[in-house]
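What follows is chain A paired twice: with chain B in the first complex and chain C in the second.
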Partner chain A sequence: MAIVIVDGQEIEIGDGERLNGIQAAQRAGIEIPHYCWHPGLTVVASCRMCLVETGRRDPASGAISMMPKLVPACQTPARDGTVFVTNSQQVTDARAMVEEDLLIRHPIDCPICDKAGECHLQDYHFQHGREQRRADIKPFTSRRRPLGDSVTLFVDRCVMCSRCVRFCREIPGTSELMVTNRGAHEEIDVFPGFPLANKMAGNVVDLCPVGALGDRDFLYSQRVWFMQNHDQICAGCSTGCSIHVDENQDRIYRLRPRPNPHVNQWWMCDEGRYGWKHAHDERRQTAPRRRDGEQLRVEEWGELIPQLDADLRAAGRLAAVLSPHLTVEEAWLLASYIRAIDPQAWLVPGPVPVVGQDETFGGGFTIHAEKCPNRRGVQAVVSALSDELITWEQFLERAAGEGFGAVWISGGYPAAWHGESEAEQLAAIPLRIVQDIFPSPLWEQAGYQLPGAVFAEREGSYVNFDDRLQSFRWAIRPPAGVQTEGRLFWRLAGRRGMYQADEVLLEVARRVAYFAAAVQPVPEVGVDLKVLSLA
Partner chain B sequence: MKPDDPDILWVQEPELGLAGRMYMPMFVQGLSTTLKHLAGSLRGKQVTVSYPDEEPQLGNPLIYRGVHRLNRDEQGRVKCVACFLCATACPAHCIDIIGVESPWPDREKYPESFTIDELRCIYCGMCEEACPVDAIELTSLYNLTGRSREEMIFDKEKLLSVYDATKDKEPMQSTRLGGTL
Partner chain C sequence: MPDVGATEPVLLALVGRPDSHTRAVYEQAGGYQALRRAVGELAPENVRELVKSSGLRGRGGAGFPTGLKWTFLPQDHPGPIYFCLNADESEPGTFNNRILMEDDPHQVLEGLILSCYATRATTAYIYMRYEYPLAWQRMQAAVDECYAAGYLGRNVLGSQFSLDVYLHRGAAAYICGEETGLIESLEGKRAWPRIKPPFPAVEGLFHKPTVVNNIETVACVKHIVDRGADWFRSIGVPPDPNNPRDPGSFGPKLYCLSGHVERPGCYEAPLGITVRQLIDQFGGGIRGGRRAKAAIPGGISMGLLTADELDCPLDFAGPGRYGCLGLGTAAVVVMDETVSMIDFLENSCQFFEHESCGQCTPCREGTSWALKMMRRIKAGRGRLIDLDLLLEIADSIGIMPGTTICGLADGAAWPIKNAIRKFRGEFEEYIRRTNPQGCHETAPVPALDLVALH
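Moving on to the complex of A and B:
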């Protein structure tokens, strides 16, 4: 066990761990300010903000000898006996000097800068900077230019940390960004004709420690301090990236990646980042309707739910299509509710949209072709309850001949997921209950139209491609008239009180071996469901 | 702020002495103010203004907190840069701004829409204090009326027209105080 000394505190680090000074200090609860260093990128030690004093403790005598000069903590490995001093006068002065130097060439336009409120330069200035500006030069031009379709560069605000340049070289590997010119004239730029257009370009905006790179989708739309962020899981593909949903008054403004070493490291793809627009689409269905003869009538949920329950119980043979957009808990509640009415009911996992090929980037980040978040979770619930797994295609072929009285179809796909032919194949079933977010052929013919929720409105757990289960809570309330799937199934099942996803997950974990690892409260980074099967 | 915040200074109210407990000195002190004004009014020094027959005299119209206005710059454009600091400072949440990229090369951002709910506003003047470019100011217009709630939600054009109507009588405070235009 190696021992590192940070400001007099002795920190034990693992033998195999390769930490730098910043990370070792983090273990001791000490923050070393930094701009250019990022745990996911190579070290350049160019910003000089993390300068610290360092030295070595002689293992034999215990005497500490310090280096005369300050060194960047990001570039100094923490070994056994390494000493870091982060609170001396020399370090404090060095930070104030770096901060002053950066601010000479940085416009103080925080009121109109979108980064204000989450800007490292701002935070570090208050912590480490000088109170007075000594140089009164203002060489600012407010130059800005688009680097690609999604990102704008504000030239003056850049502090040349080169995180964005290294990101494009190391993670997507497309190297669009570069540093042009020298010295005080350095600028971030792209080659003419080669804009920033990789599938992970949006990450450079999160990486930027100042407001130099702006996301054009989010730019000017909201100040960061108005938004609340919620931990969620991206529902764009089966990777299941950990994300933050930033919302204000139930309106999403942006999604940001949340570091999760087991899934997405620090990144997310642009498809997921901008894939929340359907949540606020005008075409979203917000009124539950029941077919009364030829007429579809809008009904209150309070009256509709008992009626729906009575119709299902009177229908005879049942089938349920469980969308891969349902959470594990929702799928379990629906499947067990349908099975309680008809013990022979068919449980069918919904169609799995596949677009293109899986794409893997530097560091192992993968965008999956399977464009739904929970195929594995839903399939595991279905297999736990049925002997044979009937696919959506098999169900369509055989549905007419089986004499079903009613079918429950849960959708919730952001894009169109079936056509007229599927609706025709299911037309023989007398009662079709369709739960979806957008109108579709099946929706038009449904006996019950139940508006459903989108990812940020749901609560529960998703199982990603790697059998990692991640739990999350709702980030925004659904529009008026929409009952989230979990809440509706909870009420249909006759349970009392509020929908409690963790209570259902505990029940699933106790009943289904595949979910056994989820008995404990699920940590922020999720739980690997394979843990028990390997043991 | 929580009750255990170290910045809170907890003080004990001083105990009332004999004079305080008798209430009489306090009573006489309060009544003396009334009597002073009564004596003044008998000598013809009236405090009450019979509004609306008579217009009140405002002490200093430049610091009066009445209807808001949005100032214009030298080129007649709205000065506001849509930084949302007034909306942040506003304790009544009555300011609603939609900021977009500005059509002018020298400005980055400007308000596409700027509305103030004059009914919800409490006229505290915090927006004026928060504004980094002196774009929003409170005028001395106090007689604000409307026939509907909608009419009392002032949009950008209306707020700019308040500026046009009051700019001669009440010049921009920042210039008077030596600020930038």
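Moving on to the complex of A and C:
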């Protein structure tokens, strides 16, 4: 165990841990301001905002000897006996100097800057800057130019931390961004004809400590202080990146990666980042309908649910198609409900959309070809309840011959997931209950049309490609008329009160060995289901 | 005080002779004998020891003991070890590397080959500044001659030692002379100096152990092998007995004398001669019988000496005692009484603003802020408070206070510190005279409208 002393506070760090001064101070609850350092990128120690005093405590005598000059905390390893002083006059002066330097040529156009409210330059100025300007006054320009289709550079706001440049080199490995010119004339730029176009480009906007990089999708759409952010999981592919959903009044404005060392580090891909638009698509279905002969009639959920339950119970043989967009809890509730009515009911995992091939970048980040968040979780639920796993394709082939009375089809895919032929193959089943977000051939022919939820409205857990289960709560409420899957299944199952995902998960974890690790409360970074299922 | 007149030139011995740049002339004068002897009789460690015991200190600016630097290389490294010969010579006032490369390139190459032998380097890169086309041609021709003669390539002179030498031409940036900037640039990247540790000796070019030495340093190595460490230590200044950390300043040195003297040029003399000796005995005195006002002791980065400080000895410890940064490249630029210190400082600020690589906030912004103030002062809109701000910038940037990655910022700071502290009266008088209304203003004032600066 190594002891590091930060401002007189002794903190213990593990022997194997390699922390720098910034991280060690964080453990002591002390923030060392920094621009260029980012835990996911190489250290350049160039912004000099993190300057501290350092020294060593002699293990024998306990005497502390300090180095005469300042050092960047980001570049200074915290070892046993390392002393950091972050609150001396020398440090305070150095921070004030860097803040002052960075503001000399900065346009200070916070009122029209997207980053205002979550800008390091702003925050640090109030904490560490000088009260008054001393440099000459100059009306500043606010030059901007696109770096690619998704990101605009506000040239004069840049503090030259080079995070964005290092990101493109080190994480996607595409190196589009570079620094041009020299000294105070430096600018971030791209080479002519080679725009910022990598599949992770949006991350540069998050990691830019100031408002120099604007996300054109988000630009000017919302002030950051109006938004609430919620911890969620990206449903774009089976990587299952930890994300923040930033919303205001149930409208999503942006998704951002949430650091998770087991899944996505600090990043997410652009497909996931911008993959929320279907949530607010005008074509979303918001009225539950029941077929009455040729007619589909809009009904209140309160009337529809008992009717649906009765129709199912009267239908005879049942089948349920469980979408890989369902959470583990939702899948469990639906499967158990159907099985309670017909203990022989077929449980069929829904189709798994696969686009292209898995794509791994230089920095190790992988975008998976499997474009859904929970194939593993849903399959595990189905396998736990069925001896034989019937695929969607087998089901389509055999459905007409099995004499089913009703089938429950859960969809929830952001893009079209079947065509007319699939609808025809299932047409022989007298009662088709379709739960989805967009109209589709199956939807049009359904006996019940049940508008369902999108990822940000759901609650529960997904299991990613690597058997990591991550739980999340809803970020936005669904549009009026939509019952989230969890809520509807909970009601159908006759459970009381509100849908409680954690209660369901506990049930699943106790009953299904694969999920055993989830009996403990699931941490923010999720839990590895392999750990217990291997043991 | 060493008797400078009596020293026979060693480094410049051939300079001025017809065809001094050819192998034939160099060999007639005894060239490559040191190499033959070393490769034939001495083990690399012996050469290393020899250089260490000579007390040779780097001529590139920092004065780091060369033998000691070589011992930082890891022992038993599987290789390759790289040698970078720093010929980026961009310190204003400095041109001794150029003379060596143009007029005696074989001396440089022999020193380089010996240094590579001593450090077990098998590949050497000569990083040459862009603006030296003749030096480029002469060095390339000399390298070709060496390959032809078996001094370079596989099995140098039939020994087990092999060495390849490549010339690399820079793109005219001062920062490429900083050793890790040089390494980055050689790797094909932007010359942003690296953070240390790791030092180049441990992890340098292409992540391999690397030595960076100056042209003049390796030229000295050749003569140390030729004439021995004792000869080298017989020239120059012994360590200060009162300072246990002073390794002394031994050997001959090339002084670049320029500015307002009668005979500017590159002169060889022992380390430790004074600025005044250099001006009077070599430079023929101040131009036109005028009086000296100030002198730069070793390239502009080192700061300024006043006319009263010209007895400053030009050894590694001398200029520091007069408030300067150090000996630097021993490039002495003399300014006579016609020179305005405001002009001097504006010019100096412009150089560093232009050459800052832009990585470190304090250097990038500090040099640019200082230039803006100096331009405004010069334009007659100076404030007295500007002098304090300039000093504050100068006192807070650099590796000495710890606020930057490389020494460029220290070099930018020293002329400001010295000029304003040593000539404050002149600055104040200028500001008061040219801006009688506004000189006492302390609030921020409008910036000058300068097109090229932002």
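Methods note: the second predicted complex is superposed on the first by the 531 of 535 C-alpha atoms of A that agree within 3 Å, B and C clash if a C-alpha of one lies under 4 Å from a C-alpha of the other, contacts with A are read in each partner's own complex, and residues count from 1 in each chain.
Here, a residue touches a chain if its C-beta (ideal position, glycine included) is under 8 Å from a C-beta of that chain, and two chains touch if they have at least 3 such contacts.
The shown structure was predicted, so the numbers you read here are calculated from the model rather than taken from an experiment.
Participant: Tell me which of chain B and chain C touches more residues of chain A.
Facilitator: Counting residues of chain A touched by each partner, the higher count goes to C.
Participant: Contact-wise, after the overlay, does A:Ser221 reach chain B, chain C, both or neither (first, second, both, neither)?
Facilitator: First partner only.
Participant: Give one of first, second, both or neither to describe whether A:Val98 is in contact with chain B, with chain C, with both, or with none.
Facilitator: Once the two structures are laid over each other on A, A:Val98 reaches chain C alone.
Participant: Applying the document's definition of touch, where does A:His280 land relative to chain B and chain C: first, second, both, or neither?
Facilitator: neither
Participant: Mind working out whether A:Met160 is in touch with chain B, chain C, both or neither, as first, second, both or neither?
Facilitator: Only chain C; A:Met160 stays clear of chain B.
Participant: Is A:Arg473 touching anything from chain B or chain C once the two structures are fitted on A? First, second, both or neither.
Facilitator: Neither partner.
Participant: Is A:Arg130 touching anything from chain B or chain C once the two structures are fitted on A? First, second, both or neither.
Facilitator: A:Arg130: touches no partner chain.
Participant: Of all the chain A residues, which ones make contact with chain B and with chain C?
Facilitator: none
Participant: Could you list, by residue number, the parts of chain C that touch chain A in their complex?
Facilitator: Per the touch definition, chain C meets chain A at residues 173, 190, 192, 195, 353-362, 364-369, 372-373, 376, 389, 396, 399-405, 444-448, 453-454.
Participant: What residues on chain A touch chain B, complex-wise?
Facilitator: 109, 111-112, 142, 144, 219-221, 223, 225-226
Participant: Could you pull out which chain B residues touch chain A in their complex?
Facilitator: Residue list for chain B touching chain A: 81-85, 88, 99-101, 106, 108-109, 132-133.
Participant: Can you list the residues on chain A that touch chain C in the complex?
Facilitator: Chain A residues touching chain C: 43-49, 51, 67, 69-72, 75, 93-94, 97-98, 101-102, 104-105, 132-138, 159-160, 162, 178-179, 181-186.
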